[in-house]
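Please go over the structures that come below.
The following pair of complexes shares a single chain, subunit A, combined with subunit B in the former and subunit C in the latter.
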Partner chain A sequence: MDVMYYGDTLIVDLPTGKTEQVEFSPEMLTENGPGLAAGIALYRDHEDGDPLVFGSGLLTGTTAPASSLGFVLGKSPLSGELAVSPLSLFSGAEMKLSGFSMVVIKGDSPKPVYLWLHDGVADVLDAAELWGLDTWGTTDAVRSEMGEQLVQVVSIGPAGESPSKLSAYSINYWGSGDTAALGARMGGKKLKAVALRGLGMLDAEEPQDFYEGAKGLLSEAPAWKGFNKACEGIDAGDIDGWLKPLVHRYRSCFACPAACNTFVKYNEGPSVMESTGVEEPGMLVTGAASAAWLLSGGWKAEPACRAMESMARAGIDLIRGARELAGSPLDDASETEEAVGGLSGGEEAGWPGGDSSPKGLFGPWVPPLADEDEWLLANRIGYVIGICPTYLLASGMETSGLFGLCSSAAGVELDPSMVAGMFS
Partner chain B sequence: MRVKVRPLNCTGCALCELACGFHWDEAFSLISSSVLLYRAEEKKDYMGVIIKTEEDLFLGRPEGTAEMKLGEIQKQGAGGGASAKPILIRQTCDLCKSAGVEPQCVEICPHDALYLE
Partner chain C sequence: MQGRSRRAAGDPVFDRYRKVFSEGSTLYPRIAVYTGSGASHSWIWFADIFDRLGLFDVRFIDESSVRDTGLSGFDAFFIGGGDTYEMAFSLGEDGARAIEGFVRDGGFYFGSCAGAYLVLSGVDLEPFTHFNLIDGAMLNSMAAPPEPRCLEHKYKSAYGDGWVFHPVYGEVTVTGQHRAIGQCVNAPLFGGPVIGRAMPEDVLAEYSRLTERAAYLWPRREAEEFMIGRAAVLRSELDGGTVVVSGPHLEHPLYTAANALAAEVLTEHFKGRSGRVSRPSRSAASNSDTAPLLLEIKRQVSNARIVGFGLEKMPVAWRLGHKVWEPEKIRMFLECAWERLPFMEEHAELMGPSGGGLEPLARGYADVTRISKSLKMRIESGRDSQAEASMLLLSLKELTARFLSIYFRLRLETGFGRD
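Let's look at the complex of A and B:
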């Protein structure tokens, strides 16, 4: 299957360090469905190895609006149940372009390793010198080793190595939406990082139809900057106004018309546009929920952002960490690192003023912008076809157009009820 | 007439790179486009857009725009990383004339960061 699903499924056996590439069969797609549905089937096939499955959706990496989404699937140390967390920013698309749509990582390694996926090649590499580094140091070290600054690095910090149930994997420097402690599963496997870089090419079955269809959807797709639009109608506060004095620029995930991610600078002036000698001027805030918790707790923006940076560096779940910190706002930025070091992990993930309980397979990364059934369907559709569920809900985009793209992309006919059926 | 950049409008979604790559290859990749999103200084959030033409590169840097002759860029290096296909061996922008359509990078950008002038 080489239409949209570029390359093979990779099986990584961590106890031996060996890898095997298995052709992604068309039967996998027709019997189980694409994206997360295929990932769950692969998980079940290899369940005896307590795997983590890294995967991407059918449209991930294309011009379909918000087609940034990949995923990590595994048994959550928090619930003991199967859970999925997002690969956002450029990591989902980069994974697909690396030549692997699905990667099954089985067993535990006897020593620290990291997985390097690039151009259809998979290497299990020694991570002895990375072990003990925080996620910023790990990202820098991997990129330096590869001589390439565009490598996407999904890594764990000290929290994941311990492995703490408060941990989360981080995407490059900026944390992630991992609220299921899958970072701790990486730590238990002695898997320090998965590094991704791809110069591959994704083919559509009917390329012109696909491209014109995607462009048509994009022409009507709402575009915005900041978090407020993605939190409309829920009790998240004015996150954009709170961050405004620190805002440098807004950043999109791959192929997304919305630029929710907000880069804030507090180690140099936010309006400084040149590349200066300040190597670490600030933080890309990627999660509305963590910001919302700190805002609701009365934190000022600068110490709050420093606290989010500390959590991202340590590889701590920013949502649960921020919720725990929210009740004790700090004014002195120097105190935030100590406060982060003292986190107990006693809080569940969730949103201020909303239902805070984890919702089975999906964590609360996606804001509760709709009733539970609609929210669940958006998550299912998003992870199956590779479209950010937050964008689906916040933009109000009709899914029929996206399902039409699945047809021209790979001849896959889908509708909401079919997607729901993949999870029954 | 050429494609120019409003760098501070850019949010780094890479749709321009994808659209341009599709123009050349009828497939989706980040390796063949005449438009390159510069994102190699991620920790600094220093991001810009480079467009390759026959004569020069149009640089949409956050601090302002500039045109640079190809010889100059060869000396300084550019392209966003070792495995990013070097800008100098990429296709040169033909304003999508070979496909008989308007420049696709301009059409697809959600934030009007690219324009014709």
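Let's look at the complex of A and C:
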């Protein structure tokens, strides 16, 4: 049975710097379920090593709509409970294609290291020169070392190194939906980054059926730009209108028909298309919640975006950071860095207009677009099959078509109740 | 590409030839593939076709081997694409004599593209004059060819006082009477000859159609008028040997019917012949160094192909001799090793002390990674990259030949060849 994963499970023992590859068998999936369900089983198997588990869903990295989602799983320093945070943008797909089905990172390293996972090869590399760099510097340094800009770098900044409970890992330069401070767990492990790249291919069990199924879903998949569609019905404000004067372009995560992520320019004109030599023209805003907090607090877009950049660079959770900053808007862009430096981490993650996000395994990265049960099911399905839950909720896409793809891709039969059962 | 190639490799058409070569009535040939000066990347496609045919007694040799050993001990000699001038110059008169002697002695010569130009008789120009194994002249040469509509860098190369030119670049259809061709066979033409003045009985296939999957450097109708009906594949007997030349790359891994045509002429030559059955003895004790060395090779090949993928997005090409090389060629060499690494890992214990030559390979691929990164930085910073690219491509060619030699030796040892 082709299970839509290739490569072994990688066990990284940070205290010794050694790695071991163990077979990722189809039974792993039949007994536990794919994606996050398999990740949780692996976490339990290695719980004594206080692991972080990196993994991806069944359809992650395929042509299924919004098949961008991977995950990081570990014990949250905030709650002491098991928590999952997303690998979005292109990092989930690269996780899938790294040549490792799942990665279990155990124990703490005696010195700073980073993991380079490529085509089924795992290298534990010295990170002495990266330690102390912010996430932007780290991403640049790792990509330069590997000689390729498409390497996905999941890294921590100074906040994770300290390790501050306000920290979050960042996906490349742009922050992440890590609201469980798993970045602090990386810091505690002296794990500066996990870099991912693979040139392999996924084989569907029934390629023609899969192709036709994915094509059919894509042809009907709703598309949009910006954040407003993914925040409909919640009190997030007009984020797109607020950012509009700075917008340069919109960007999708891997295989997503929508393009929430919004690149804003504030160090040069947003309409400038050609490269003008300005080194850092702006940033990619990837989180609706952080933008919504700053908007609700009366921030102007430019200083707000600069504040988000500072948080992303430092490796601070953008949602909690923005919530704390929301109450004291700054007009002067030059003051934002200092304000970010003074964050205490006293706020909980959530959305403005009533914190309706349930506590537990999933953080509030996915907007509360439905009642609690539906929201929880979308998260569970999303992380099991690798489809962005925000897309599931905002698009209203029927999950039956996606489950059909699981069948033609890997011969895995799923339905919502089976997925719910994996978490019982 | 990987998936299509893998699917093509599993085509049942190859079962028949594997069976033929594994039975006693057809000689299981020892094969030499030319990888020396002037050879581009396309010889690696021969490795693919030999894998498909179950022919594992394969060596990769350069011009000095050809000159020094006269191809003795080999039954078949394959030359693929590249820079014909550089090949002819490097092989020289001694090499030409060695090849001719090899064929007259009963050897099988297969030349595609540059390997075809090399041995056509109708050339009166140094350094080609010593190489004439088969009657035929290249028609695609003239003093002043018209300007191309596209792909200028692929269009022509100097030839005496004039130019060799290519009106079409990509897939063509060839038709002939041979039973392996059936109705027709598609194959890619990447600068190979359009052949005239051949002996009619030597013509195995003619150009019969130019397809949509080709770039037209001439207007399509003019290209068709020029090419259709002209010889594409020739076969001739020379004393006891056989010479096959093909303009299109019959060995290209995505063209199984073309592969089958090449396989057919190969089996026809060796059918009923007897000779040495080569089967090296198994390597001595297994070696615990082998697995780490293979892992190091895997690591470096992976690193280099990741950089190579990045290089493919850059608008750059390099000229080595008369040949233009695009960045894609870097990954083609690397993929050739990458696809075969799992087999080597599986049989690591048979590789003998020091992994049977793996250590220099590991060092070589580490150098390739380093040079690839430095090449990329050079291009990104707008500096000239020609010298570094030449060094990289040449060392990749040499490493790939060494890698494949070890791979095929291991293949042969594991008993997949003829017993």
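Some points to look at:
FYI, the second predicted complex is superposed on the first by the 418 of 424 C-alpha atoms of A that agree within 3 Å, B and C clash if a C-alpha of one lies under 4 Å from a C-alpha of the other, contacts with A are read in each partner's own complex, and residues count from 1 in each chain.
In this text, a contact is a pair of C-beta atoms (placed from the backbone, for glycine too) under 8 Å apart; a residue touches a chain by one contact, two chains touch by 3 or more.
Bear in mind that the values here come from a model prediction, so they are computed numbers and not experimental data.
Judged by the touch definition given at the top, the superposed model places A:Gly147 against both subunit B and subunit C.
In the superposed model, A:Leu199 makes contact with both subunit B and subunit C. When the two structures are aligned on the shared chain, A:Tyr173 is found in touch with subunit B, with no touch to subunit C.
Of the two partner chains placed by superposition, only subunit B is touched by A:Leu218; subunit C is not.
Residue contacts after overlaying the shared chain place A:Gly315 against neither subunit B nor subunit C. Taking subunit B and subunit C in turn and counting the residues of subunit A each one touches, the greater count comes from B. By the document's definition of touching, of the two partners only subunit C reaches A:Asp123; subunit B does not.
Residue overlap on subunit A between the subunit B contacts of one complex and the subunit C contacts of the other covers 118, 146-150, 197, 199, 201, 203.
By the touch rule above, subunit B contacts subunit A in their complex via residues 8, 11-15, 18-19, 22, 25-31, 39-47, 62-63, 80-85, 104, 107-108, 110-111.
The touching residues of subunit C, when paired with subunit A in their complex, are 2-3, 295, 298-299, 302-303, 305-307, 309-310, 338, 369, 372-373, 376-377.
Within the complex, the subunit A residues that touch subunit C are 118-121, 123, 146-151, 197, 199, 201, 203. Interface residues of subunit A, counted against subunit B in their complex, comprise 61-63, 90, 97, 118, 136, 146-150, 172-173, 197, 199-204, 207-208, 211, 215, 218, 221, 223, 225, 248-257, 259, 263, 265, 273-276, 278-282, 284.
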